Each structure stands twice: as structure tokens, then as C-alpha cells.
């Protein structure tokens, strides 16, 4: 193995460089100049994102603890785009709210390191790497959630997150140890090779599963979600709801498929139960939410439930559909969160009723939110519809018609609450509607990116075909 | 490899520890104590890894390394948690769990 | 660009153009031009269809097939037969008339027309698509705008009505989706690609177990929008709250998606399922027919009356489809057409009357014949069409349905048929009741004397809808022949079973 | 022989309707009146010419009149499914013009009366707001009625049947600002519509089992066996075809106001009097008779005339009831309405007792003849009554009396008509009615006696009317009544002439069941046969008796009528209230259908069906309210849920699955 083979870790290395660069700049720049760092950091990350799209070869490092395939590479790019949009959307917040506490570079450092953790987690080849990645992605997030250190909500959210996360990782570690005991190794290939169905293995699988399910916020491991989402700064909320959830889903999928094929029948049942539970819990709780962040939190829980339908399939088709759905989901959710953030950073209003009559004052924002919500609800011809439809196809192809039926019932329920903000924004007039404001250029770019994604991704079929090709190689 | 102590005793021990830790986590009202419970939980896994490595697969040291990493990460985790708890204390002058129940439903 | 895809493209372009319009004038002109083009294309299509049909004996003509999602073998597949051509003409007419009727829409005109046009896009797409996936996509595109249209520009309990309508129709489409997936995964008899293409699926015979399971899902999925009892409750509220043009479009076109879908998908692809379930659904549809008519008697709100009469008339469509013979099917298609034009006309008139008297309560009005004779006379004519007066489209359609129904000699069908036939009396009752209350009698309200009769754009809208109603009624032969030869391939699958 | 010009008999009226209808506010009333008259003159002329051609210039074949088609086109096709012995085939529906004795006779009747009414209306309706509209509706009716009589098949007859009903609706509701008129119009339409339901079902059955709608095929006796083979079903011992026929007769009964579907006719008098004369006396109401005559062979041959017996008895009962009710009515138009009903009952029973071939088919001929003459004198009666009403502005006998010196022409013409309807010798009514009596006497004695009795009653109430109007008490009029303008009196005189002259037409040679000339009894100038004075004598006696009583009671105001009515007491009351049949209907429609069916349905829809759909939604929301407490905000609860979740999952996957 020569030095060039480290280029397999291109994403991670560049991220590391970024982090170090931010550290240096942090020291180098005067407090008054720190605001510049925002643009610099975003610019750098943009470059990173672009570089990410250059073709990368696949392979393994460190004796298999780090591996990368076309799909993993692609998925890292998806995460990058997501993070880029998040950065663009939270630039204003940083400039206006955070700058005065002089905590701008740390934000990027923490965010990037969390992303770094994700990347390692995604391309981990053994449980050790996986565990480190997991923690590396979680701990900075906790700090970020607590970022607004003068807000009690933020702190409370952080405590809830760290404690639950610690519990979750402890449980999943316990599970991993059992898998280690039965599989005789911490390397995925070897476990996959010599793992037999045994109660201990099943126990380990369930424990491990619950740990990851916690990050995906599947019921009943989802309780932290709403509170943390509400308390955290919106940028971080969207990061939690999109990036960390997405990465976790991806990892869960690849581990279940590649490491625990021996237990397929078992984990299918687990996933089945959890999927139905999650959909219903997410939707039923979302019905009555007033705070937009909580509302989106529950909706994202429900969405996670849908993703599991692809996992149930347990084959290439499932992988492709899930990845595609994640891609779509990134854009849709970020669109929604972006509007919420734009409004809250402008007016500080986060309640659904504050949105009344929004269309007549801020048509563009309202339209963006409409599209995002419809995409989440799965209305054609927006991307969300295709994402959901393919998930149904995946589930139906293994004759899980009941699951599909329950899913579509849930879609109907979800449509109800997705229409509530729409109702407020479009159907109703209000005298104290949010007055017209012109959001900053970065925010607008972020929203435009998201909306473009929503509009184009579904209809543009070559993308999906490309994902299919990639996912053919992973299993 | 401890003399005339089979793996079963040890695993039973760790399992007990696990549930003790869980119990602590669920019942204590003080955040610091809850952190200690978390530590307990993590340590069970540490012991597990070492024991399994030693008893079942003594030729490769995967488990041992794993346990070292766990300890390291646990330390970081605790540090972070403590700092946040301190922040909470600064805001509320209390580290009671009941301080963190404003957001619900 | 082929002749059919244009039907989807033109509205989209219109919508895009609308985004750059400033005020009501520009908006309505843009829409009118776009929809006029659409209308012209529809008229052209029917001649093109006859020319093509002369040389081309496929089930569908003007077929286009474009691979869309390769891995699922999802195509953008379109094509038309006589029935879809007629439906397209219906749509074009009603939409254009709707534009004229909503000539004076004041609140957010641009958005109104954009939404309207998107709705039209969905409907056109639905009627031309041969691929279940494409069809489903267009179906939902057609349904969702209703929420905004009713919610924003509606009246009365609009939010409630809009939400109810959307949820019920979406719930239906959920069932439909399961049904479609079920069909898809049984769409190949061992080997061969799975396919969404209707024509290809029709070649394989789906195992009976699957048909039994998926027929009701698909059927109900479509029947809800066809206002089959007991899934019709969205329609009265929806109609009552919707603005005029939307009620027209909705009752005139959107509700036809139901019957069309049942015919194209449920019955064509799942013949054995149809046979197995027909008795049950016949009972439902007959209940719908009688029940809608009887419920209409008690209503006093004009729109409610029409909503229930739609339930009754469309129940007849579904009933006719389930009669499973050519005559009845011809009747079903004719009934869809005639009901489309007629109800659109009705709602247009109701809108005009409401715009003048500011009430839809028939008991509060009276003697309108004296003050607005034109609108009132047309209302009478529409009423007569609705109660199946010879020389109007309704009569032709109903006669076909009845004649088809009476070709079943067993007692069950006989009783059901007689029940359905008896609905024409009830229809007469509630129509004449309204005419008597609202149009005849002394003028109740003094300021009605100052009312103005229809304006030019209203007249245009009215005539656009009235001419087909009378036309079909006077010379139905070419139409029924056109429908007949389009039905033949579909009936075959059924007849082999009977 | 080419009859293709007959198409104009249909085209002209509809063209007039469209012209007058679309430009009703552009055309001057006077103009529109003349347009109407001119058009109708053309139509009438063509009808007469056709009749002349048909009866005189076309050689009979084997002594039978032939059937011609003025015009025929395919309007629509149904598909009959293939049966074991027949392939899939078309069930064609044509629109066309069928010319045979009865259709031509009807053409003459309709065009004549319509023309007269047009002329009359120019005077009667002068100065009315909707003058033009009125003529438009008249043209529409003429078109529809003509289309009905020349129908070549059942379906066409149904089509125009409905159109006739609608134009009747429009004309009854012509004074649409009068609530009573609106109610009457609705009643007329809905009652006939209900009857047409039977007609329609009959047609559908006939089409399916008979395999055709065409009269030529259905009525051809050779085909009956085949039809019977296709229609083996027996329902209560009678074949489906007979059921169909009876159902079709139900439609006919509705249009012809036969008991118990007659309730709409008296109210229909709310319409303008010319309309009553045209539609509700002369033409539309005999459509039922015409229908039975049209389908006569089938009525006669299937189940050896079971359906025909039904027709006979319905006719007899109706004529009796109507005559009795007519005794007590005080609104002159209503009296005339009931007499119309009773006369149509005559025609029905005449058909009912008739056989098919040769002299046995006397009743058929009699019925058609009576139809013809009745059209004339009944139209005359109505128009004269209209002239009276025009003069005194009231419908009620009590406001009239001693009008004979004010309205001389009306007086004379009315008298002639009254004599004619009472069967006074040498008037048209005398001849046609006697044929009916003979026919009844020969085939069905009970009906004969009913008929005779009714004849007496008819004479009585007609002259009660006559004396009540033109003689009787001297009433003081605030402004002296004056004779109507010429436009109104000319039709009266013409019709008066007709209601005598039509008695001397050789019907027995022209209009017979098997289309062969038969030996009539009364046809004075017909070279066949002479008067059967025995039969005639009885009839004349009855008629004169009736007239005499009326003279005795009503010529001078007396108190006999009061005495009599007091003597009858309860019965009188019943009769006066038309045996409460209306009330029965009201009870059924309002109390039962509205209250007990429609209202519950509406309620059911709101409270049950809708509520269920609502409930699903609301329950979902309730559930979400219910479970919100789970999200308690306490980390330890979350952790507990976490641990519990793991635990349960483990249990499930390990032990349950």
C-alpha cells in the first residue's frame, strides 16, 4: 500500500484539512474580522463539495477497516451537498446571532468534524471504525446543539441529546460485544462469514439496531428527537434531521445487508414492526404540533419510517430506493427547514399560526415551503413522490402489500398535517401577517438549490438509474 | 485468563453491571449520578470485549483495542456532558434532572 | 412533439406564461389563448383520430412510448382510442367555458388561473396515458390543485370542504396505488419484464387470487372520485364551497376520471375480479343512484342539489359499466360525456344566479324567469337535459344504459335495472321542484327587478356547453358508433367469462 | 307513390319554434302570430293533401290500405347480445314518418285543431307579455305531436311522447307567476312521467324480447310465434310481452288521463284555454288511445287479448267515474276536462272490446272515429268556453247565466258541440258513439250498460253546463259581456261545422283494424249498410232523457239541484271532491315519499355516511391527543421507553416469531 492509496479517503482528508484551516484562521484573525470566516468557510466547503464529484476509485484501507465503493462515494457527495445547503441557510444566523459571541470558527470546526465522523461511519469496515465514526459524529453535534449557550432550551436539548446518545451507544456497544462474541471478529467480512443464527447473535443484533435506530430516531427510540430539534439552533436541527439521520440509515442498511445476512429473517421482522410503529407515531404526534420545528421533527420521524420499507426489501432494489429517497429527502427537508429558518432568523417566529397569510406578503417563501411540504407529502410531480413510490415498489416487490397499505394510509394522514401550514399560508388572510422581507443572498441560494432539487430530481430519471447502477455493486 | 473463573461468571457479572447501570440511569435524579451510571454501562461493554477476546479469541487483540477506544471515547463523552451540565448549572443553579423538562408533548 | 404530448405541454407553457402576467386582464387573456389552442387541438384531434382509425386498427392510436425509469420498466406511454378522444374534447370544452365563466375573478387571478391550468394538465395527462404509473402521476396532479382552488377562492366552509375533499380523494388514491402495485407485480405470466403498460398487461391473465384481491382496491380507488355511494360525501361539500369554474371542472371532468379509470384499469385488466365482485358493486351503485336522487329532493341549496344529482347520474355510469355489455358501456361513456357538459352548464348557471342574487337557496328566490329570462330558460333546458328529455344528451345516454341493463334476464339484474330506471321519475321531481320554486312563481325580492341578464362572456360559456348537450341528443349515431368500436377490444376480456 | 314531402310537416313547426324561440324578444307579437298561422296552414294543407292522396289516389292491395314511409333514417343502434340461436345483432332505432290510415287521420286531426287554435289564440292572447313565446310553445307542441303520430317505431313514439309532455308542461305553466299554474304544470309532468316509467320499461322489455322496435315487424302477426319463443318467461301466468304491453298501456293511461292516473288533467286547466283545447282535449290526451291502436295487433293476439281486456275495463271505469265527477263540478273548464276523460274512456273501451279482423274489428273503427269527432267538438267546447271566459273573466258557473244574447255565435256553436257530444241524432257524436255502443253490445254486455249510462250522464252534465251558461238566472255583469273578435269566432264556426260533418265521413272504409273496409252501422253516406235503428234508438233515448232532465233543472233557476245533492249528501260530497283521489296521491307523495323516505335519506347522508368519514378523521386526531402525554419531556421516561423497546423487540423476535 503506497501513499497514493490514501486518496481513497479523499473526502475525509480534505475535511480534515478544512478543520485545521479553520483552527489556524481562528487564531489568525482578529475578532472584528471573524465574520469574514463565514464566507471563507463556506467557500472552502463548496470547493470540497465540487472536488467530491471527481471520480474516485474504490478499495480498502487499514486492512479493511476503511472501505469505499461507488455508492459510498456518491452518498458522501449527497451529504456534502446537504451540508453545503445547510451552511448557506445558516450563514445569516451565524452573522447576526453568533458573531457577537465570537464563536464562528468553532461552529465550522464542530460541524465539519461531525461530518467527518459521518464519513468514517459510512465507509467503516469494522465495528471499531463504525463506533468511532458514530461517536465522532455525535459528540460535536451535542456541542452544536448547546451552541446557543445562553438559551435554556438549547442547553436542555443538549443534555437530553448527550444522555440519550450515551445510553444508546452504550446499549449498541453491548450488542456489538455480543456480535463480536458470536462472530468472532469485529471485521464485517469475517462476521458475515461466520455468524450463525443464535439467541446471542439475535440479542446483539437487536441491541446494535436500537443504537443506530436511536440516531435515525425510529420509534420507540425517537423520543429525544422532538425536544432536541426544538431546542437546537435551526441550522443544527436541519443537520440532525437530514445529514445524521441519512448517514445512520445508510449505515444501518449496509450493516444489516452485508454483516448480518445470516439474521435476515429476524431483522426483517424487527424492521417491519419498527417501521409501522414509527410511521404511526411520527404522524400521530405531528398532527397537533404548533411549533414548526417540532412539527418537522415528527414529520421526519415518519419519513424515517418510510425509509425502512426499502430496507425490508433487503436487496439491491431496496438499497437504490432508500438512497434515492434519502437524496430526495435531503432536498425536501432542507427546503422546509430553510424557509422556517429564514423566517425565524428574520422575525424570530416559529409557530404555525405566525405563517397565516404568508403567501400574500412573502409569496416566494410561501411557495418554497409549499413545494417542500408537498414533496415531503409525496405529491407528484415533485421529487418526494418518486422517492416514496419507489419505496412502495421495493416493499411490494417482496409481497409486503399490507406494509404498503399501512404506509399509504399514513401518507394520507401526513397529507392532513402537511396541508395545515399550507392552509395558513395560502387559504387564510391575516392582518398581522409576517411583513415582506428580502432574505440574504446566501439564504436565497440555499432555498433555490433545495427547490430546484425538489422540482428536478424526480422527473430526471437518469439520476435514479445511476443510483441503481451504483447500488448494484454494493451487495 | 483467570484461574477457575469461567467466561460465564464474567459475562453474568457484566450483564448484572449493565442492568445496575440502566437502573441507575432510570432512577437517579442528579445529572452527575446519571453520568456515572452511563460510565457503568460503558464499562460493562469494555469488560465484555476484553473477556470475550481473552476467553474466546485469544490470538487476535481486537477486543482489547476496542475496549481502549471505548474508554477514550467515554472520557470525551463525559467531559462534554459535564461541560453542558455546568452550563445548565450556570443558567439554573441546579443539576437536577427535573430542570430539563420544559420541552414536552 | 407528437399530437398528444402537446395536450400536456400547452397547459404547462400557459402556466409558465401566466407567472409573468401582471393583472387580471393579462392573466385571463393568456389563459384564454392557451385554452383556445387546447380546444382547437382537441377538435383537430377528433378528425385526426378518424383519419388514423381508418388506416390503423390497433386498440390505441397515436401511441408514443418513452422509457422513463428503466429499472422498473416505467414508461411514459400515451395513446388514445375513441373514448379518450371524447373525454379530451369534454375537458377542453369545459375548461375553456370555465375560463369564460371565471372572467371576472378578482382575488389573485394569476394564481387562480395557474392552478386551474395545472389541474387541466393533470386531467389531459390522465386521459392520454397508457402507463399506469404515468396515469397515477397525472391523477394526483389533477386532484391536488382542488385543495387550493376550493380553499382559496371558495365560499362557505371552504377550508373544511377542501380538506375533506383532498383527504378522501388522496385516501382513495392510496388504495388505488396498492392496487396498481399489485397489478404490476402480477403483470407477467412467468418470465418477461414486469410492466405498467395497460395494453401489455391486458395480454397476460393475472391469477384469479390476485384479481380478487386487487380489483376492489383499484375499483374503489377510482370509484371514490366517481362519487360512488358511500364514498360520495366529499362531493356535496366540495361542490358547494368551490368557486363556479372549479365546480364546473370538478363535476364536469374530474369526476369522470373515476368511471374512465374503472373502465380502463380495473375492469380491463382484472376481468375475473370484475365478474367476482360485480354483484356487490352493482348494489352499491344502484343505492347511489336512488339515494342521490332522493337526497337531492330535500336539498334547497342549488349546488347541493346538483352535487347529489351528480351522485345519482355517476352512480348510473358505474352501474352501466358493471352491466358488462356493449350497449350499457356505450351508455356509460355517453352518460359521462353528457353529464360532463350538462353539470358544467348547471354549475355555470348556478354561479351566474349566485353572482346576481347572492344566494343559492332556491326557497329564497322566485320568478327569475321574469327578471333574467335568458339564464332562467337555459336553466330549464339544462334541467330538462338532466331529467333525460329526448333531444338532449342525457336521454340518449340513459336509454343506452337501460337497454343494456335490460339485457340481463335474471331477477337480480332485473330488479336492479328497474330500480335504476325508476330514478328518472325522482329526477324529474327534484328538477321541477327547483324550477318551480326558483324560476317560476312571483318575484319574491323587489331588488331582483334590477338584475342584469347574462353578459357576453357568460353567454359564450353557456353556448359552448349547451351546443354539445343538444348535439349529442339530436344526432347520437356517429358518437355511439365511435364509442362502440372503441369498446369492442375491452368487452372481449369480459365476454369470454360470461 | 312518393310521400317524401311529408318531412316538412315536421320541419315547419320546429323551424317556427326555433325562429320564435330564439328571437322571442325581437319579433313583434302581430308578426309572430301571423307566422304561426301561416306555418300551420301549410302543415294542415300538406296533411290534407297527404290524406287525399292516401285514401283516394292509392290503389289498395288486396283490399287493404298499405303502409308507406315518408322518410326514415337510422338514429341510433343498440347491440343485442348473441343468444344460442341468434348472432350478435343491431337493435336499430329509426326516426321516420310512417303513413297508414290512423297516422294520417291523426295528422289531419292535429293539424286542423292546431291551426284553429293558432287562429283563435291571435285574438285570445292579444296583449299578453309572452305572446311570441306562446306561439313558439304551440309550434313546439305541434312538432312533437306530429312526430308522435307519424312514429315508425316504439322508440320514436317514446321520444316524441316525452317532448309532448314537456311542451304540455311549458304551456300549462305558461302563466308561471301564478303558483297554482306552476303546481299544475309540475303535477302534470310528474304524473305523466311516472306513467311513462311504465311505458319505458315496457319498451325496453319489448325491445329485448321482441328483437325490434319497429311497428312493421312487431305488429306483423307472422312474427308473433318467434317473439313468443324468444320470450318464454311467464310472470303470473302471462307472457313477458303481455306484461310489456300492459306497462306500455300504463304510459298511455297516464297521457290519456285514465283512472287512476287522471289527476293531472283537471289541474291542467290552469293553462290558457286554447292550450286546453289543443292539448288537453283534442290531441295529446288521445295519444294513449293512439298508442293502443298502433300496437293493436300485439294487444289483441298475445295471451288472447289479456292486455286488451285491461284496456277495456280501465276505459270503462274511467269514463264512468269521470262522468259522475263531471256532474258536480262548477268550474266549466273542469267539467269539460272530466268529460274529456270520460270520452277518452269511451275510445279506450271501444278498442278494448274490439277484435282484429273484418267486422269484428268494429270497435277499433268506432274508437278512431270517436277520436276524430271528439277532437272536433271537444276543441269547439273549450274554445267556446274560452270565449265565454274571455267575456266574463271567470271560470265559474255561478258568475254566468243568460249569456245567450250577449254571445250569440258562441251560444250556437256551443249548443252544436253539446248536442254532438250528447249523441243527438245526425251529429258526429251520434254516429261515432253509436258505433261504440254497438261494438260494446256485441262483445261485452256489462261494458255496454256502463257505456249507455255514461251516455245519459254526459248528455245531462253537458246541458247542465249549457243552460247554466247561456240561460238560467239573469246575472248582473259590471261591464256587459260582448262577443269575441272574428279571429276567435271563425274557428268556432269551422269546428261547429266539423263536429257535424265528421259524422258523415266513411270511416268504416278507411280506418279499420285490418285495414279492410267493413260494414259500418251508421255510415249514412257510406255505401255499406244502413242504420241499426234498434241500437240507435236506445242511445238517442238515453241522450234525450239526459238533456230533458237538464232542461228541467237548469233552464230556469230551480231548487231541484240543491234538493238532489242534499238527497245524495255524503255521495255528493265525495263526487264534488273527485273521490279524494288527489288527496290520496298527496298523502303518498308528501307524507310517505318526502317525509318517510327523502328526509331520512338526507339525514342519513349527513349523520351516518358523512359522519363516518368525519369520524375516521376525528378519531385520528383524538388518538394523537390521547398519546401526547407519552412525550413527557423527562429523559428517564425516554430512556425507559428505549430500554423497554429493546426488551420487547427481543422478546418478539426471540419467542413470538
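Note that the chains are named A, B, C and D in the order they appear, and that numbering of residues resets to 1 at the start of each chain.
Convention: contacts are C-beta pairs under 8 Å (C-beta built on N, C-alpha and C of every residue); 3 or more make two chains touch, one makes a residue touch a chain.
This is a predicted model, so every value here is computed, not measured.
Student: Weigh A-B against A-C on C-beta contact pairs and write down the one with more.
Tutor: Looking at A-B and A-C side by side, A-B shows more C-beta contacts.
Student: Return the chain whose centre of C-alpha atoms lies at maximal distance from the corresponding centre of subunit A.
Tutor: Result for max centroid distance from subunit A is chain D.
Student: Would you identify the chain whose C-alpha centroid lies closest to the centroid of all protein C-alpha atoms displayed?
Tutor: Of all chains shown, the one whose C-alpha centre lies nearest the global C-alpha mean is C.
Student: Quick check: how many Å separate the C-alpha centres of subunit B and subunit C?
Tutor: About 66 Å separates the centre of subunit B from that of subunit C.
Student: Which whole number of Å gives the spacing of the CA centres of subunit A and subunit B?
Tutor: Going by mean C-alpha positions, subunit A sits 27 Å from subunit B.
Student: Give, as an integer number of Å, the spacing between the C-alpha centres of subunit C and subunit A.
Tutor: 43
Student: Centroid of subunit B to centroid of subunit D, CA atoms only: how many Å?
Tutor: The answer is 98 Å.
Student: Name the residues of subunit A that each touch 2 or more other chains.
Tutor: Residues 159-160, 163, 167, 171, 226-227, 416 of subunit A touch two or more partner chains.
Student: Would you give the residues of subunit C that are in contact with at least 2 other chains, written as numbers and ranges?
Tutor: 167
Student: Got the subunit D residues that touch at least 2 other chains?
Tutor: 617, 628, 631, 633, 635, 639, 643
Student: Name the touching chain pairs, would you?
Tutor: A-B, A-C, A-D, B-D, C-D
Student: Help me check something: in the complex, which residues belonging to subunit B touch subunit D?
Tutor: 22, 25-27, 34, 97, 100-105
Student: Under the touch definition given earlier, write down the residues of subunit B that touch subunit A in their complex.
Tutor: Residues of subunit B touching subunit A: 18, 21, 25, 31, 34-35, 38, 41-42, 44-45, 48-49, 52, 56-57, 60, 62-63, 65-66, 69-70, 73, 76-77, 80-81, 84-85, 87-88, 91-92, 99-100, 102-104.
Student: Using the touch rule from the top, collect the residues of subunit D that touch subunit B in their complex.
Tutor: 628-629, 631-636, 639-640, 643
Student: For subunit A, which residues are in contact with subunit D within the complex?
Tutor: That would be residues 159-160, 163-164, 167-168, 171, 199, 202-203, 206-207, 209-210, 214, 219-221, 223-224, 226-227, 266, 269-270, 273-274, 284-285, 287-288, 413, 416 of subunit A.
Student: Which bits of subunit A are touching subunit C when the two form their complex?
Tutor: Residues of subunit A touching subunit C: 317, 320, 374, 379-381, 385, 389-390, 392-393, 396-397, 399, 401, 404-405, 408-409, 411-412, 415-416, 419, 422-423, 426-428, 461, 464-465, 468.
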